[in-house]
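Structure below; questions to follow.
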Amino acid sequence: MSDLQTPAGAPGAASDDAPSTATAAANASSAAAGGGGRSFLPKTTLLRHLLVLALCAVGAVLLLEGTERSTNDQISRIAFYAIAAGGLTLLTGLNGQISLGHGALMAVGAYTTALLLDVEDGEPLPLAVIFLIAVAITAVVGALVGVAAARLHGPYLAGATLALAVGVPGLTLYFSDTLGGEQGINVRAPRAPDWFVDAIEAISGERGQGTKWLAYIAVVSLLITYFLLANLMRSRIGRTWRAVRDQEVAAELAGISLGSWRVLAFVVSAAAAGLAGAVLAIVVRLTAPGSFLPVLSLSLLTAIVIGGLGSLFGALLGSILLVFLPEWARDFGLEVLDMESAQASQAAFVIYGLLLVATMLFAPAGLVGTVRLALLRRRAARAAARADGG
Amino acid sequence: MEEFLSLTLGGVVSGSVYAAFALALVLIWRSTRIVNFAQGSMAAATTFIAVAVIDSGQSYWVGLVVALLAGLVLGAVIERVVIRPVEGGPELNAVIVTLGLFIAIQGAVALIFGVDQRAFVPPFSNIGYEVREGFTLLSLSPNTIWTVGAVLVTMVLLIALFRFTRLGLAMRASAFGQEVARLLGVRVGRMLTLGWALAALVGALAGMLIAGDVSFISPNFMDQLIVFGFVAAVLGGLDSPIGAVVGGLLLGLALSYVRGYLDDSLLGMAALVILVVVLLVRPGGLFSTTPARRA
Amino acid sequence: MSVLAAATIATTMAACGGDDDSGGGGGGGGGTAEDNEATDPGMTEDSVLIGAHYPLTGPAAPGYSEIPTGVQAYFDFVNANGGVYDRQIEWEYLDDGYNPTNTGQVVNQLVLEDEIFAMMGGLGTPTHNAALDLLNSEGVPDLFVASGSSLWDNPEENPYTFGWQTDYESEGKIIGQYIAENLPDAKVGLFLQDDDFGEDGERGVRQYLDDEQIVEVQTYTSGNTDLGAQITALQQSGADFVIGFNTPIYTALSQLTALRLNYTPEWFVSNVGSDPQLVGSLLERFSSGAVTGTSLLEGVYTTDYLPTVDEVDNPWVQLFQRVWDESGQEGELTNFRIYGMSQAYTMVQALQAAGRNPTRDDLVAALEEAGGDFQGPALAPFRYSSDRHAGISGMSVSRIGANGSAEELTPVLVTDVGDAEIEEYDGEETTPPESGIPDEEAIG
């Protein structure tokens, strides 16, 4: 019998009513979603998500046009981290399966994209088609991994997926004729279409090529992914995943096949990782094994844990941290501590690691989960006070 | 035939290092049901400390002792400060904490000692013995004999500790059943700390041995080893020290043949394949008597 | 420094790159500091910002990390003498640890955030390859890549990228021919870096040595320090002459591994990995003093395309020694610093040829038009033209003697990629100008 996610109160929990598991944010978010109560939002989940999507799209355009090209580039990087982290948070937060191999799955998406764009003569396929193929192939690989993973839990799963993260970069060296070996494959993203260049010209008067075009591709991919994931997580499927995570026996008795639901979670999560890899390939303009070291997988885990397991918003916050923290840490090390730059850039990892440990010890629900829990608790207290008063 | 012999010997040497590393993982798993993913970073840290000692003019042996002591302290402190709160809790939390330590310690080592690779000079010559004219076995040198010997001695000492001392008995009792051990007057908390400290010491030894074998160290030089050590430990069932040693040797041989007959770059993939096959076919390890543990 | 070219002041330079006028034909030559204008990003009235990426840390750092200090010394020297067209040359270089992924990020920062006018001397084949597309799509001149890969000579696809040093294929051809002519009985093993560096070299060598003479090919990936399997395989194959296309650290590692195996072939280490001082110090460090100085390297064959630090009578070396001493930086003059200064010298030539107020495209045009005639420390001329972006065209074969000094075995040989013949270079040896600073006329 697995002791996965035993809800027993562990030492270190803030109080009795706060779930001590790392996936508390997922619980909290589902509670919030079920709670409703805000009348100005549309009633159905789908409509509400569409509204949020539209608002985010407008916000994204304002953000991209209101900032420098170097910031555009950072936003692209946040986008591909966030896409992968969104998929991972679904797997780990909702379904309780840890994966240290998502960096390897991103590599699958990235190499697929690079190979499909690298055609000798003629035009490559349209970018959207290439992205879909990358997603599909990564999903298939994810299914294979998922079949093995469905039978493992906790440390076994962590070890096996870590082996995946360590093993896959080696394949790119072994098949160096196709995959370019150590130096990888150069990626030339297709140029922006004229309508896009004209539109950007009209909005901000800037050049819509290169970095800017790539940033739009990245942000659109992110918005679509999060829209789909958010709907999935609020649907029956999402609820079943939670049941598989929290109530194994009950779920099995209810006729839910644990194994196939776990594999499904892995497939969805891998698909997101594949898209993230595809976006990484065009944004970084290169796919090389150096981009997919185990540290990438660990960074993704850091992002979702700090943001709050099971929360897409948390995954996004964590991804923002992944892009900005190394820069801050490096500048701090360079300017304040007078270090060499390569050394200073390591400071970020110390902070990641300590944040991971601290989150688990003091706020296992992460940033989003902890805030949500505090809000819920206050609302409950107010409701109780009202009940007393009445 | 010559190549096979050379690869087999090489496999035994690297296998014995994997075995030491697997042993460290098993010691912790037995006492706290946690896989310590930070083991590699911890060993890298203690090895770098040893290098600093050696660079300051001390002998290799002083460096080795300092590394082992540093491991002992590091293991105990980590167990007391960050592992204790997650012991017995959800296993995902413990996994994430050890991963956090993995990242943090590796970053700290790079921050303090720099990211450059450093040469590591082994205590004994690593010039291979010439078996016959024109055929030298790289994997048979005074240093490889020291490597294998050190692992064997450590294993014997550990067995002696667990079999023949009261302390060992108390540690086994704590690992076997915490409540019962507590009732019998064993100070379980202290035993768990000791288990982590011992494990970190063995890990520190593995770090020193592998550094002597590869001649170069960088803050992430143990990254692959954490995977190999884990695979070796799972091969042996994760519970059994003897299993860990046998698992380490088997993995060492397998990877050595992969390296020799296929390619270096496939080592990680080969370890993954071995791990998955073992986990799916014999989740209890190669030597388990029960048909399968519900994973 | 005096620029006496007739004054036609450029006033038509567009501020944003990519679409400058073709009629202006580049910047004006003469004028004074008052005539200076900001053109493209990185080119202001009184400064021009040049950037690059180097491995300052990691396995490739030893040696290579000295190159930018040499560049710095020479730019300082030029700046102290008034700069180029009254502009100070600013030099910014970042560490990529010889990891292509980092290179992409670092170059992004240089181009988008710091806004360099041009890149010069970005180091490494796999690394710089990662920056090619960004630099060319953003229209940033990508001059004098510090690598001999043939990738940099592709003006149609990468119009902004220029090579500088002798390409590896030409080097392989010269090495192959030397062995075919002088050591016809050698059983040759190849030890190659597993990327274009090794591949280009092998392609050149194989033009002159047949498959029977090459008995074994082994490759390594940068970062993997265990060469036991590769060197054992070379030994087992019976190779008694090993040609290495590898970085300096791997020269030291392969020598040490061979020592552990009692394997003593003759070695031919291509220019990149052969610096005797550096490899000697690496050997000493790696073996903790068991191997001292350059003793293991005595008798190793190599190639040169620049004067080396042991040639104390060479006027270029004397100039660079003076520049280095004046710069007051730590350390000795080394071959890597000579390399950096030589590149900086060519850079100053290119900036002079581009005129007083050049755009990025003007700089490229100047190099295409005038670069083929630049005279500098290199032993053989550049191959720059509007349809070639290849650098130095030849080198000489030498052998490392006692104390790391080199003994020339051949005259300077010039050739090219593909089936171009190898010929003796008939040009004269160049000498530096009196001032130590080139004096190229502005084109156009």
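As written, the chain order gives the labels A, B and C, with residue 1 at the start of each chain.
FYI, contacts are C-beta pairs under 8 Å (C-beta built on N, C-alpha and C of every residue); 3 or more make two chains touch, one makes a residue touch a chain.
Remember, it's a predicted structure, so these values are computed and weren't measured experimentally.
Engineer: Using C-alpha centres only, name the chain that sits farthest from chain B.
Structural biologist: So the chain farthest away from chain B turns out to be C.
Engineer: Which chain is the middle one, judged by CA centres?
Structural biologist: A
Engineer: For the pairs B-C and A-C, output the one whose chains share more C-beta pairs in contact.
Structural biologist: A-C
Engineer: How far is the middle of chain A from the middle of chain B, if each middle is the mean of its Cα atoms, in Å?
Structural biologist: About 32 Å separates the centre of chain A from that of chain B.
Engineer: Would you mind pulling out the distance in Å between where the CA atoms of chain B average out and where those of chain C do?
Structural biologist: From the centre of chain B to the centre of chain C is 44 Å.
Engineer: Counting in whole Å, what is the centre-to-centre distance of chain A and chain C, each centre being its mean C-alpha position?
Structural biologist: 42
Engineer: Do you know which chain A residues sit against two or more other chains?
Structural biologist: Chain A, residues with two or more chain partners: 173, 340, 342-343.
Engineer: Counting only residues that touch at least 2 other chains, which ones in chain B make the list?
Structural biologist: In chain B, 114-115, 264-265 touch at least two other chains.
Engineer: Can you pull out the residues of chain C that are in contact with at least two other chains?
Structural biologist: In chain C, 57-58, 97, 221 touch at least two other chains.
Engineer: For chain B, which residues count as touching chain C in their complex?
Structural biologist: Touching chain C: residues 2-3, 6, 10, 114-117, 119, 121, 126-128, 130, 136, 138-139, 141, 214-216, 259-260, 264-265 of chain B.
Engineer: Can you name the residues of chain A that touch chain B in the complex?
Structural biologist: Chain A reaches chain B through residues 1-6, 8, 10-12, 20-23, 92, 96, 98, 100, 148, 151-156, 158-160, 162-164, 166-171, 173-174, 294-295, 298, 301-302, 305, 333, 339-340, 342-343, 346-357, 359-361, 364.
Engineer: Where on chain B is chain A touching in the complex?
Structural biologist: 34-35, 37, 82, 84-86, 88-97, 99-108, 110-111, 114-115, 219, 223-224, 226-227, 230-231, 234, 262-272, 275-276, 279-280, 283, 294-295
Engineer: Would you mind writing out the residues of chain A in touch with chain C in their complex?
Structural biologist: So the residues of chain A touching chain C come out as 68-70, 73, 173, 176, 181-184, 186-188, 207, 209-211, 284-286, 288, 290-291, 340-343.
Engineer: Which positions of chain C touch chain A when the two form their complex?
Structural biologist: Touching chain A from chain C are residues 16, 56-58, 94-95, 97, 99-102, 104-105, 108-109, 112-113, 125-127, 129-130, 132-134, 137-138, 194-196, 221-222.
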